[in-house]
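Once you scroll down, you'll see the structures, which are given as structure tokens.
In what follows, chain A forms one complex with chain B and a second complex with chain C.
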Partner chain A sequence: MKFGVVRFPGSCDEVDALMACRRFADADLLWHGDRDLSGVDAVVVPGGFSYGDYLRVGAIARFSPLMESVIEFARDGGPVLGICNGFQVLCEAGLLPGALLPNDSLRFVCRQVDVVVENPGTPFTRACEEDDVLSIPVKHTTGRYYAPPGTLPEEQVVLRYAPGQNPNGSMGDVAGVCNEDGNVMGLMPHPEHAVDPLTGSADGGRLFESLAMVPA
Partner chain B sequence: MTLASAPHRELGLTDPEYDGICERLGREPNALELAVFSLMWSEHCAYKHSKKLLRMLPTEGPHILMGPGENAGVVDVGDGLAAAFKVESHNHPSAVEPFQGAATGVGGILRDIFAVGARPIAMLDSLRFGELDSPRSRYLFDWAVKGIGHYGNSIGVPTVGGEVYFEPAYGQSCLVNAMCVGLAPRERLIRSAAAGVGNQLVLLGARTGRDGIGGASVLASAELSDEDESKRPTVQIGDPFEESKLVECCLELLEGDLLASLQDLGAAGLSSSSSEMASKGEVGLDIDVSCVPLREADMEPFEIMVSESQERMLCVVEPARLEDVLALCERWDVRATVIGEVTDTQHLRVFDGDEPVGDLPVDALVDDVPLYDLEPEEPAEPLYPDPPARLDPGASPAETLLTLLASPNIASKRFVFEQYDSIVGSRTVRRPAAADAAVLVLAPDGGTGALAVSIDGNGRRVACDPYTGAVEAVLECTRNLACVGAEPLGLTNCLNFGNPEKPHIAWQLTRAVEGIRDACLALGVPVVSGNVSLYNEGGGGPIYPTPIVGMVGKLPEPRAVPRTAFAEEGHAIALLGMFEPALDGSELEKLRGRLAGSLPPLDLAAHADALVRVRAAVRGGDLPTAHDISEGGLACALAECCIAGGCGAVVSLSDTGTPHTLDAQLFGEGPGGVIVAGPRHAIETLDAAVVIGEVGGDALEIDGVLSVPVSELRTAYEDAIPAALAG
Partner chain C sequence: MLIRPKEGILDPQGQAVERALPALGFDGVQNVHVGRLIELDVDDASKVPQMCERLLANPLIEDYEVVELNGKDSS
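Up next is the complex of A and B:
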């Protein structure tokens, strides 16, 4: 099992994500200008400010040569996890429903929050049980999830912020969603920053652990 | 500003200085040369009023790898690793345009760190504003914080700590000091000295534009006035995306051993970076300004030489490695252009194509700069008015405690630190407000050792007594490190003062530097880097003298580092260190509308010993809680432990063994006391600990003097700054 972690110019959390993946499987960085996914089994699109996030968050990264291969990989059923800016990129790429809007505070927020596992049936959450509560930090300015009414079936909501802990005004407390086939997931919290109790929590490791598990 | 209409005086040079330039050149300078001299001889670049004073600071120590004079100070942290760190001010730009001023302050200090080959791993900020009942102060505070977050968050370097104070004396001149810490394998460190005649000079990064022209001389080396608005074009604009590429690119260039030397472009742009590289290497440089990539096509040669456009670095490359350097830069989409070469002339020669447009002896620009003696004079009358009284004289101890907790200097800074990414890099073991110092592991994917970092400096206490106040700033920073078990390896400082040409300001500056010197000597901590920001005066008079002290320390084991929070019911609470509370210079005295004319003298040697004991106690383990007693005294420190832990405490003052008045015992401040808490057996075996109470219940109860529910303490503490900002 091998993870590929995308590195765009302006990525911030790609090395953190790489280290998190390596706790559970092999992992390597993938360069934004390449088209070759190097035979990885799962792709992580990390957080940061890809290409400076000028124009609109995630809007430029979506057109990079590597992302074209990632989109193809996802359409073929390969697992793709987008974290924060990665979530924004996957929405821009049309791989996930909805969009991320500026936080209702209009400020950056960095905070440890509890999220509740709503759907443990995805490749990203199969190491969890329904209603498990995970302590994972958020850090973003543009994290308010929105999908037009009727476009997000309940089973595609993978994670919700615990009651009273929604940090950005997301619709229905949505923290993470997947596509219809369940092989693409995006979330605003940063599981790669919750893989060691020493730095705050190990709960985020469950997502990488899930991906590294051989399906039953 | 056009050069034709700008004789030397308009560029900030005195008549004798102009004569000195002519003498050194043996002729009159042309317009470009005058522009370069005016910047290189400005206070900001040449430290002409502070250099002599700074020579008294101790700069030698067993851990030092690079001391003052390099882009940043560097200390050995063991395991083949080195930590680079420095604090720098961006006060004047932030007072003119707080968002870009603060953002580019962050960008500038980051470049100082990776210029020595270190990867930036942590930022801290020290901020000062006027009282929050002023709309201008609210605006400066809000936008400076946004600017710091904008740059730091975008570039993937965590902001792990800092401090903010609000005082009337900063109403006109806010302070924005940024400190950065970086980490490098020892063998990857690089110096800025240019070397190797015939080597190529390569400019990396952003195009050069007209932003920031004259920033160092016009903005940073004179008092601001009501015409600040017209100076807005002298503030630079930051692009963190460009810098993020530049960091990665430079670190990869160094990893490949492709560079002979590296230097950032800061104040005075190409002029200062090139002449400093040449000076350190005792070589000359030829620069062709027509090769410099421009943002605006019609820039004059002098504008290209002095532009302070951000996100640029200058490096020296051996011709054989040039191709590899350019290829790596292209991969990172970083612009790289050969703009000159190293010569043996010891002159900085500037060309526009084939045409020579300037010829400057390097030593006249950098080393042979006029230095001035200060003329210090102790003021006979207080320099600062008493602050307005904000506390009812009849307030009960409980009311006083709640008012202090809601005073913005003491209240929770959550509003600030939640706007900063404090965790990127996976090193942050103690986030902002979790402990007295931020703690970062050396190896994010294993290993044991960790660094602790803190930045401190209470300007009001320095205003009361410049010598003792400065000593206290060093002690406070050391104590914050001790509370997480860290031993300081080195100190960086930023001296923020008013106009040094005024005798009373010169006296403050002199006494404060003497205080830092004596404290450093007593604690055995060397000064590795620093920065001076003078002329911080607006229409309302000088700022409080504000020496900011930053330290990096090392601790062996991050797993058991204490937190501010009380951990468990039944834990014993004790006092450690030297608890000598006094009301002079305290927050309570400020709220009562007084500013003392002195601080109690202190025994530095005894404080140094006490800090060693605190550190030893913390390193002994079994202490889940440690928190120093600072602003607001013992009562506020206890309240902060209660709020963070979500539990109460019962405390008796009769056991503190101090002869002080009730007010002083509860709210008095002084540079020594530390609260610790833990299992009773662990506390009782501590050397020189005085047990004063026990964790438990839902309220902070002190001796029948006051009893306040923790929920009320929390509301006062957490709501104050958001409420003040709401106007």
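Up next is the complex of A and C:
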């Protein structure tokens, strides 16, 4: 089982994501200008500021040559995980419902939050049980999730911020969502920064572990 | 193109500006929204709405308005 971690100009969490993946399977970086996914079994779109986040977060990255291949991979059922900026890119690409807006506080938030597993039936959460609480950091300015009314069925809510811990004003405390088929997921918290007890929590590893459990 | 946050979606930037104006003595200001302006020269203006739909705006969260300045140097 092999992960591919996308590197855009402006990505900054791709190495942490790569190291997180390598705890559970093989993993390599994928360059944004290539079209070849190198036969990986799962794709991680990491955090950062892809293409400078010009225009809107994730808006330009969505048109990179590699993303065209990632979109095709996702439409064929391949698992794709978008973290933070990666979540924004997947929303802009139309692979996930909704969009990310500036935090209601208008401030950058950087803190450890508890998120609750709402749907353990996805390829990203099958190492978890329903209502498991994961301690994972968030760090973003544009993380307020919004989906127009009627566009986000409850079963597509994968993670919610624990009560009282919503850091950005996200609708319904939503922290992570998946697509209708369940093979594409995005979340604002950073599981790749929570894979070792040394940094406070290893809970984020459960997402990578889940993906590694199931060959694509 | 004038691009605005869609009506009904919380616009904290607009709210912050709305709160700042009275502090300077400008009373009676309501419904402040902050969006963005994109200027471009284009041979075929009929394609502009498509450009907005596909890239320049995100129709889920933003409304856009195309203002055409026919043959005028808008500077």
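Annotations for the structure displayed:
Basically, the second predicted complex is superposed on the first by the 214 of 216 C-alpha atoms of A that agree within 3 Å, B and C clash if a C-alpha of one lies under 4 Å from a C-alpha of the other, contacts with A are read in each partner's own complex, and residues count from 1 in each chain.
The rule is simple: a contact is a pair of C-beta atoms (placed from the backbone, for glycine too) under 8 Å apart; a residue touches a chain by one contact, two chains touch by 3 or more.
All of these numbers come straight from a predicted model, not from anything done at the bench.
After overlaying the two complexes on the shared chain, residue contacts for A:D203 are found with neither chain B nor chain C. With both complexes superposed, B is the one of chain B and chain C in contact with more chain A residues. When the two structures are aligned on the shared chain, A:G169 is found in touch with chain C, with no touch to chain B.
In the overlay built on the shared chain, the residue A:V109 is in contact with chain B alone; chain C does not reach it. When the shared chain is aligned, no partner comes close enough to touch A:E118: not chain B, not chain C. Chain A makes touch with chain C in their complex at residues 55-56, 59, 63, 92, 98-99, 101-106, 144, 146-148, 169. Chain contact summary for the complex, chain A toward chain B: residues 9-13, 15-16, 19, 22, 33, 48-49, 51-54, 107-111, 137, 139, 141, 190, 192-193, 196, 198-200. Partner chain A is touched in their complex by these residues of chain C: 5, 9-10, 12-13, 16, 55-56, 58, 60-61. Contacts from chain B toward chain A in the complex involve residues 146, 149, 153-156, 239-242, 244-245, 248, 331-333, 417-429, 431, 441, 444-445, 558-559.
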